[in-house]
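All chains are identified by letter, namely A, B, C, D and E, in their written order; residue positions are counted from 1 within each chain.
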Amino acid sequence: MKTKIGIADTTFSKVDLAYFALDEINKKFSNVEIVRYTVPGIKDLPVACKKLLEEQNCEACLALGMVGKEPIDQQCAHEASQGIITAQLMTNKHILGAFIHENEAKDEQDLLSICEDRARKHAANTVLLIQNPDELMKSAGMGLRQGRAHVGSIKPKA
Amino acid sequence: MKTKIGIADTTFSKVDLAYFALDEINKKFSNVEIVRYTVPGIKDLPVACKKLLEEQNCEACLALGMVGKEPIDQQCAHEASQGIITAQLMTNKHILGAFIHENEAKDEQDLLSICEDRARKHAANTVLLIQNPDELMKSAGMGLRQGRAHVGSIKPKA
Amino acid sequence: MKTKIGIADTTFSKVDLAYFALDEINKKFSNVEIVRYTVPGIKDLPVACKKLLEEQNCEACLALGMVGKEPIDQQCAHEASQGIITAQLMTNKHILGAFIHENEAKDEQDLLSICEDRARKHAANTVLLIQNPDELMKSAGMGLRQGRAHVGSIKPKA
Amino acid sequence: MKTKIGIADTTFSKVDLAYFALDEINKKFSNVEIVRYTVPGIKDLPVACKKLLEEQNCEACLALGMVGKEPIDQQCAHEASQGIITAQLMTNKHILGAFIHENEAKDEQDLLSICEDRARKHAANTVLLIQNPDELMKSAGMGLRQGRAHVGSIKPKA
Amino acid sequence: MKTKIGIADTTFSKVDLAYFALDEINKKFSNVEIVRYTVPGIKDLPVACKKLLEEQNCEACLALGMVGKEPIDQQCAHEASQGIITAQLMTNKHILGAFIHENEAKDEQDLLSICEDRARKHAANTVLLIQNPDELMKSAGMGLRQGRAHVGSIKPKA
């Protein structure tokens, strides 16, 4: 049986984040069925994901969003993240939030690079949480990052 | 059968936002029935929308509000937005928040222009989420904006 | 049948806000039964209102509170406001929050004036939401204010 | 029948706040049965109180906590207060939060004085909310304070 | 019968926090069965813990997370903490949050020391809340700390 994964994204985003996520899942995993859902902005993502989990019976969701440069954008991202956490608690299912803040990037190419890296890695994480959670446990405390290179772990001195 | 859409607005707003929303829906869509509900301020919008969704059986809501210039106004908007997200999670229905912050505008005419653009576009989005969600998916990652002109998308260099 | 309205207030407030609210309702409306409930501070108001709505079967509530001058007081008001919104979403009933911030006023007489104006107007709004919601719809977008004079509306240039 | 009151406190606090609360209730009230529950920190208080209310059938709770001087401590207090409000809304029972912020005090003796005053007064308030709510209504708008002396009320000029 | 404890951690953390927690529980307690769950980041911990409590029937959980140095990391920690509190209120079970902020430490060895101390002490607290809550009550108001040495209590002058 296929793993059913929901991907929610926005028309607000300046980058087609779902393209990277879909490409990653199609290349790395088999037996995954994806249901897409596009909403206007990040504050619309929590209910979109909840509908994917409850009405479409997705086992987990990836919520893709871009956050603008203004303080109000940061606030919207905060509200969306709170909603995504609440939606998970109401469904007992995972929703990985992959938000890219425009302020993180030094220019457009850097923004695209962060978008691709974060969308791809979290798309893979979303599937792993359902199909192979032990794979994540092997990386516990390893300083993994999405958007940039992994930072690695700190070990006690021998 | 008609799509039943709720529109909630406030007496606090200095602009009649519902006028633009109603006009847009009437001009662009057929088969829409609108139920209006006016409350004093934006913090009263979450329950107003939840009542429209649950007691009036609206399929989606548009929450229209104006946010004053003081820090307390920003806080009220934050609380209202959190409540709108929670109301959506409790009902599994969309509530699009179209809030206009007085601080966004450089003068009264600019404020009116933002109000009209945002109210019209989000009114259309509210109906599209019910009647034609594929239309939104076509605009995923396209940098759409409500209140100002769209900013467009960033494409990877070939 | 009488409209049953709950009024919750605090011992923290330096002004007897309920006096103004009761007086306004008694003067302007007939057929209203009021149930009062006093709690220590504003963070106790959400559950007080929920109990009035659910255990006393009030149809709507007015939550009256004064907010001190310190940052911690602002935070308490924020938490109380979030709770009041949640209580409304859990009951599908309105709770109008009429909070007066000491920082709003330039002196004691100004504070009293804000208290009276806001308590009276929101007391009336609470009853109108139940008895005559069309009255509020007529004032949509009219720039109504509680605590100070109404600011009025902005109209598009002809 | 005895009034069953829950008292939750923390090992983080530098002052034994429950001592003052217990002493106050024992001296001022009869017919009160107290159930105590100690948790590590203030963020553990919401669920501790909810368990006291639901599993131990307490009629109301007093949540005693000390808040450190760092910004992270203020954030923990904010999160705990939000949780305490939510716990009340889920149970329709009161939880009075008596938090003492180290930053409030000018030295250790002042801190102790605030602790004792706030713990004692809110312990009494917790019992009054169940046994004698009319007593609180008599003090509505009287500017009562816990931790410091009452500030009194402002009356309109005759 | 064994006490079933859940331990949730992240791949984001630069330190293997679960190692310390597991070691502490194995050394200090008998009759404990541990269920582990690793997720990408701290915002994924609330639902992970809820699943451990509800789907794995754990009696309590320890949520282990590292918080980066940027403002966005602080915001994520805030959102995760709110979610952990909500998850507890939904389950009536404890989830102890043991978050280490990179900003707390002056260098890598200091960070490791904080990690070990906090993870070990809160691992013990998690088991004590189930197996021996009276042990915690004996330490009420004693100024216990996790991450650093205990600060001790302040006593009234005789």
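One rule holds for everything that comes next: contacts are C-beta pairs under 8 Å (C-beta built on N, C-alpha and C of every residue); 3 or more make two chains touch, one makes a residue touch a chain.
As the structure is a computational prediction, the values presented were derived from the model and not from experiment.
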Turning angle required so that chain D lies on chain E, C-alpha fit (0 to 180°, nearest 5): 70
Fraction-based call for chain C against chain B, same above half, different below: different
For chain A paired with chain C, centre-to-centre distance based on mean C-alpha positions, whole Å: 41
Centroid distance [mean C-alpha coordinates] between chain E and chain A, Å: 25
Multi-chain contact sites of chain A, meaning residues that touch two or more partners: 82, 86
Graph class of chain-chain contacts, one of line, ring, star, complete, other: ring
Cyclic chain order when read starting with chain B and heading to chain C: B, C, D, E, A
Touch list for chain C against partner chain B, complex: 74, 78, 81-82, 84-86, 88-89, 92-97, 101, 122, 125, 129, 133, 136-137, 139-146, 151-154, 156-157
Of chain D, residues touching chain E in the complex: 9-19, 36-40, 43-44, 46-48, 50-51, 54-55, 72, 75-76, 79-80, 82-83, 86-87, 90, 108-109, 111-112, 116
